[in-house]
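Two complexes, one shared chain (chain A), two partners (chain B, chain C).
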Partner chain A sequence: MALQQEPARPSGGKTLLSARGISKSFGGVHALQAANFACERGEIHALLGANGAGKSTLVKILSGVQRPDAGTIAIAGETVDFAGPTDAVAHGVATVFQELSLFPHRTVAENIFIGHEPTGFLGQISQSRLRAAVGDLFASLGVDHIRPNALVADLSLSDRQLVEIFKALSRKPRLLILDEGTSALGRKEVQRLFALLRKLRAGGTSVIFISHRMSEIREFVDRMTVFRNGHHVATVAANAASDAEIVEMMLGQRVERSFPTKTVVSEAEAPLLEVAGLAAGSDLKGVSLTVRRGEVLGIAGLEGQGQGTLLLTLFGAYRRAAGTVRIDGAPARIGTPWQAKARGIALIPEDRKTEGLVLPMSVRENITFSVLARLGRFGFVSPAKERRFVESMMQRLAVKAASMGLPARSLSGGNQQKLVLAKWLETGADVFLFYDPTRGIDVGTKQAFYELIAGLTREGKGVVLYSTETSELIGLCQRVAVMDDGRIAETLEGDAITEENILAASLRMGRARPDEAVVVEAAQ
Partner chain B sequence: MILRRYKSSLLAILALILLLGYYWYKQPLILSPFGFRLLANQGTTLALAALAQLTVVLTGGVDLSVGAIVGLANAIAATYMGDSPFSVVTVVLLTLGAGAGAGLINGVLVAYGRIQPIIVTLATLYIYSGFALLIRPQPGGSVPSYYATTLTGSWGYLPYSLIVLLVVTLLFRLPIMRSRLGTAIYAVGDNPGGAHMSGIKVNRTLVSAYVIGGVLAACAGLFLTAQTTSGDATIGTAYTLNSVAAVVFGGAILGGGRGLALGPIIAAFFISIIISVLFAAGVSSFYQSVFQGGILIFVLMFGNAWTLRVRNRLSVLRS
Partner chain C sequence: MTTSRLAARVGAFTKHGVAVSYGLLVVLIVAAVIYNPAFASWGNIQAQLQIATFIGVIAIGQTLVILTGQIDLSVPWNLTFSSILMATLYGQGYGAVTAVGAALLVGIVVGLINAVGVAVFRLHSLVWTLGMNALLEGLTMVYTNGQPPDSTIPGFVRFLAVGHVGGFPVAPIVWAVFAAITIVVLARSRFGRFLYATGNNEPALFLSGIDSRIVYVGAFVASSVCAVLAGILLTGYASQTYLGMGNDYLLVPIAAVIIGGTNIMGGFGGYVGTIAGTLIVVLLQSILSVAQIGQAGKNIVFGVIIIALVLLYAREARPTD
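Here is the complex of A and B:
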């Protein structure tokens, strides 16, 4: 399989953006390591990579939101060092961010021209010229269903994304960056958008486009660059690589890690947790799943496909719009987290710092929060009982802390995560929901965590594990449900749980054919 | 459309209409030039203080030093004003400058010192009150009578204080809020991260908002001086929390980004007049503040009844 490692340059192009040797790390995690990226004048360039490849970090650096630790950026040959987003805008870089940067309680028109509204006498914003400018922008994309005077809070997600795109276009940028800027748009809107982007391209504007929809990339993009683990892997013409080749570039050499033996679950076992047609908020649109005792059900998919909402809804923290939940065959009404706790559901949340722990309080207090009632009588906690309980918990989970009186804040990320788990172990919970439990913790602690999860299954608990690390899902889960757009796209079982299949299902590319999988295997 | 824009002010407007209706029923004399002047004068100081508070609240902060700046302005004006028109104008400008300076210190500490607004302004509350006491250790001082009548008199049914309020609102505050700066103030309060990513200079916007707040608080102090015709360093104390109450009652959100001038102005009149109404209703002065607090809670609960119903509990707690 021949991969072009050198960027394939379109003829007659001249480099608009060149980023060389960009490095950026966050608290010891390297998001970008000496990464290179270049974009020609007048091209639409896709940026690809699995979760955590460093795409979003690169976008933030290019748009001045973050400063690189090392490396240089040049725009049209001029070296730039952005002190902030204002600088980037002044150099003609406009960005449509993944997390929307809109102001929900301002009007559409005010949002689009925020910071550079047309002004008249005494610096007063000219409403008539503002309306005219917005009208022109809307006309350029054939949009007529959004009222310029509507509040952004009242718009649908896709309309908000359009507003965000208009906001970037209103700056008349030389370089337009769309970071997942089309994820909420329908097919027709995407086509219109790209018709406009092609017009802009003809005028010399460059576009960097980040998307997980392969079909869009194939259809609309000139070249693409693949990132993996903070490195530049390859830049190729959009049609020069097959889907399988792209997947391989995104995944690269796998790191082998040992996982505990999976607990054997018999098919005949009655389900512990049954969920049917669960919908909530704007991003969970109907999910059905079952978990048996002793089973780990993995939840996979690209980030933001409703996985978080699924877990929070099961835990009663989000109001459910539709669907039923049954535990041990009996219908369970779970509307609040304390109801979930009473029905034996535990959540190890996404953000352990704000939702899992009370950081300034001690290790002891954090462990005993949810079981205080059992540690004493008449509403008083018995210090001796509490001490014994905490000691046994710390031993069982191998929490590394000099003393149980230390504040939780002083512990490492992995040990903090153990405290969150410790809090729940003795509440008698049967169903454990894990939200990306090993994010940002070291390898050794990860290993200990895998053992703990396997231990839970041996005790006959059921586990739902959402993880952004595919290898964990493969190593720990009996079944993996891949989510896309608030629904389960595909549930993989047994030997079908492979990195290729999970990624293919996430990208909706259709299952990689067996012969392609063999090719990928052989290439490594 | 217009109704929707002013929906947040509706509660205060309805409450004030009911209150005035009841007052008129109890005390028909308020429907006279004299009564109008009295009502208008009673609310104008708090209305100006509420506008000062609103400007800061829109950025997501709170200004506990509003009352102290009102007191400082009162102390400066009553002590130095003198009798000649020249010295009156000079001292008025000086007082406004002191208000701007006080706001500048607040803003710089919040934006660049990275200290929580509530702590910054609590600290400067003490400092500005201290300066006021240095200038005016004992209550006293005076202002020329023409200064007092120009601001607090009336022309038939039209009280001059309402004209003062309109001039400050329409000729000072409105042009600022309709400029890019005004949009930026709302944007910073609505979504600070988004404002930064949209290329708005967040720190400069914050400082500007506190300066505008300081000037408006000084306006409140100048009007109060015309009303009392003397100086008292501690007179401003009540305006701090009452201005916060007026802003919230007037439909602004303490989290920032939402709120119009109309609601807080109306609410300021409600809060200022309620004591007189309780007096007219024959409520014993021992119970007046109990009633005042109870009525505020009742009205605000009534106003919140329909906003809390639909949302997710987690998002309510997170917001």
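Here is the complex of A and C:
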């Protein structure tokens, strides 16, 4: 709430949406703290913020998906309290979420009017009126390249995203929210979409637009609001702040934290892990990277830019579409996690509760999954050997648990994460892949993890660390690869690893976005 | 206040499905002996254990499969087909070892196919093994021409099924041996460990670098081989094979597993409980028969017990996290 500048585009001057003092916590984590947000009638308003700033939570509250813990929302002066998403739609708020929510085996027309299909006199869905309604909608929007009778499954990803937007528009909203709703669209399509949104704006509709493409924001929006750590920071006209100023608003004051000394890695050393042109699924589009022994390679970028797919593909959990992997110079065919394990790759996955641990099973059983074959003979486990192994691992990682027989579920988040790491330490792995290992764990345990990661590098292991906390990447990594849209946008080294540079690379500031529509369709 | 405290007590008690099932077993035994002291006679105990063996052996396989979160519905015609194959081959002059070996081979192949459907094609076993059961029924009809096979039974099969050693029936000993192996494998082996992990959270096992497909292969092949063994014992017991001899051995062993406290969704339970479950279903059937309650009444009692226990066990299975 620092500087509240005059709106750049008053357009009648009447506030359509006003959210005041909105707070929302999730289990002790404050996603929004007394945040304010306002949107004028007939404006296109961008919402900006780094990971965890509270943008998505605000969108979920405005669209009725979640209820705020405190605060009031008013639409056109009338205070509202949404009981659910349908209630929000009834009040004229339509939202397009990041994840597509279409029924692939229904037609475009059926998807667009789902929930408010035109009906005949018996209450049945009237196909002729449905066709007419879609025809009217498409005519008013100037859409001619999508057939209303086509199955959604047959459309390209970008057309599906357009259908999602048409679905929201079919509700004739007063306020349209696009939460990363343009991520699959090529530049031409974005231009066409905004031509259309401008037409709606002229009719008094407001649009809240969340995107991390700075160039799009500059080009298409009227005003923007910056959020940081659950607070409203500023609302300014789209061209009233420089890139550097925006980055500063998004970052604010830094929290200083101490990190272990980085291991010195010689440039001359042969790479441990070499990846070339790795592609998989729909969101990893060609990544090349190298990791030397003793090195921590950071993976940065906004959430959902293919970082998870990268780690899971390296670990063999996803099928790769293209690319090669070499370990110590030798080509490695890694198609499954057990092949990855055999080649010395370990993964600390994103969600320790569902991917890292078997929660109802004991601490002892969870620690030994990956090394069980060594702790016995003829397919049987030696209880004594297992006990000794578990005791030594618990001591080494300082796992706090009253007994190794307790279910993993009963441990704190930090101790659970230690179990996931403990599972891998003695598998002989050389390459450790970490997916945001310190998310949701306490500060003390975070510090312990930094020491553990530094310890791995001193033993000559290679680490790939994806983290949503930029300060960790700065404190731990020799190099940081910033990902955007399934590719590495930029690799930062040494002193160039700063929050500003990482964020600027994530947002592709000052860079025009290439027209990727063709690539997207080819990947279908 | 009091009711909620009572509910908490019951809740704490039912945390151990095994305790519930053994408690129920004791109650049933006491009730049966009070109702008719002849239940405690050595002759009757032998007869009950004899019947329990068929169910208990099949329930070994079902316990393993259900622990992974799957189910094996191919038991009835797997049992029938392999038994008829064994008896027919023996009747045609092949050796007893060849005949029994052929039956076991059928079991292994059926188990492998079941496992492939679940582990490789990722189809639910409910559908896949049901299809397998229908396929085996068809194969049996083709093989026998729809006629009941005329066959003699190898001597050692008769011995395993109805023989006695020192006044003690052999069949329950066979069951006890397999039961002991099962309990040790579940508690101490790597396979047992991975079986529970698969039923609880297969992705976590997969991401630990362990090939969970092997777990399905082990469970389904074990189940299929158990069905074949039960069929062989049943053949020896009845001194004949017949079409539809496996029909009564699908739902009763599954009921035994569930009554024994194994979670139908996988991950929790074990064979110790299944033993109690097996004895409960056998004893219950016997009591109801002696009490001259017809098939309809039996079904009602079984249905009520299964529903009540599943409700009771569901209280503990509710995720707390």
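Throughout what follows, the second predicted complex is superposed on the first by the 492 of 524 C-alpha atoms of A that agree within 3 Å, B and C clash if a C-alpha of one lies under 4 Å from a C-alpha of the other, contacts with A are read in each partner's own complex, and residues count from 1 in each chain.
In this text, a contact is a pair of C-beta atoms (placed from the backbone, for glycine too) under 8 Å apart; a residue touches a chain by one contact, two chains touch by 3 or more.
Quick caveat, the model's predicted, so the values are computed rather than measured.
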{"item": "Chain A as common anchor, with chain B and chain C clashing or fitting", "value": "clash"}
{"item": "Contacts of A:Thr336 with chain B and chain C, given as first, second, both or neither", "value": "both"}
{"item": "Contacts of A:Glu365 with chain B and chain C, given as first, second, both or neither", "value": "second"}
{"item": "Contacts of A:Phe103 with chain B and chain C, given as first, second, both or neither", "value": "first"}
{"item": "Contacts of A:Asn149 with chain B and chain C, given as first, second, both or neither", "value": "first"}
{"item": "Touching partner for A:Gly115 - first (chain B), second (chain C), both, neither", "value": "first"}
{"item": "First (chain B), second (chain C), both or neither touched by A:Val381", "value": "second"}
{"item": "Which superposed partner A:Ala317 touches (first chain B, second chain C, both, neither)", "value": "both"}
{"item": "Which of chain B and chain C A:Pro349 touches, first, second, both or neither", "value": "second"}
{"item": "Chain B/chain C common contact set on chain A", "value": "317, 336"}
{"item": "Residue ranges of chain A in contact with chain C within the complex", "value": "315, 317, 336-338, 340-342, 347, 349, 353-361, 365, 369-370, 372-373, 376, 379-381, 383, 409, 423, 427"}
{"item": "Complex interface listing, chain B residues touching chain A", "value": "1, 175, 178-181, 183-184, 186-187, 190-191, 193-201, 257-258, 312-314"}
{"item": "Chain B-touching residues of chain A, taken from the complex the two chains share", "value": "63, 65, 84-86, 88-89, 95, 97, 99-106, 110, 114-117, 119, 122-125, 149, 167, 281, 312, 317-319, 336"}
{"item": "Touching residues on chain C, where the partner in the complex is chain A", "value": "188-191, 193, 196-197, 200-201, 203-211, 267-268, 320-321"}
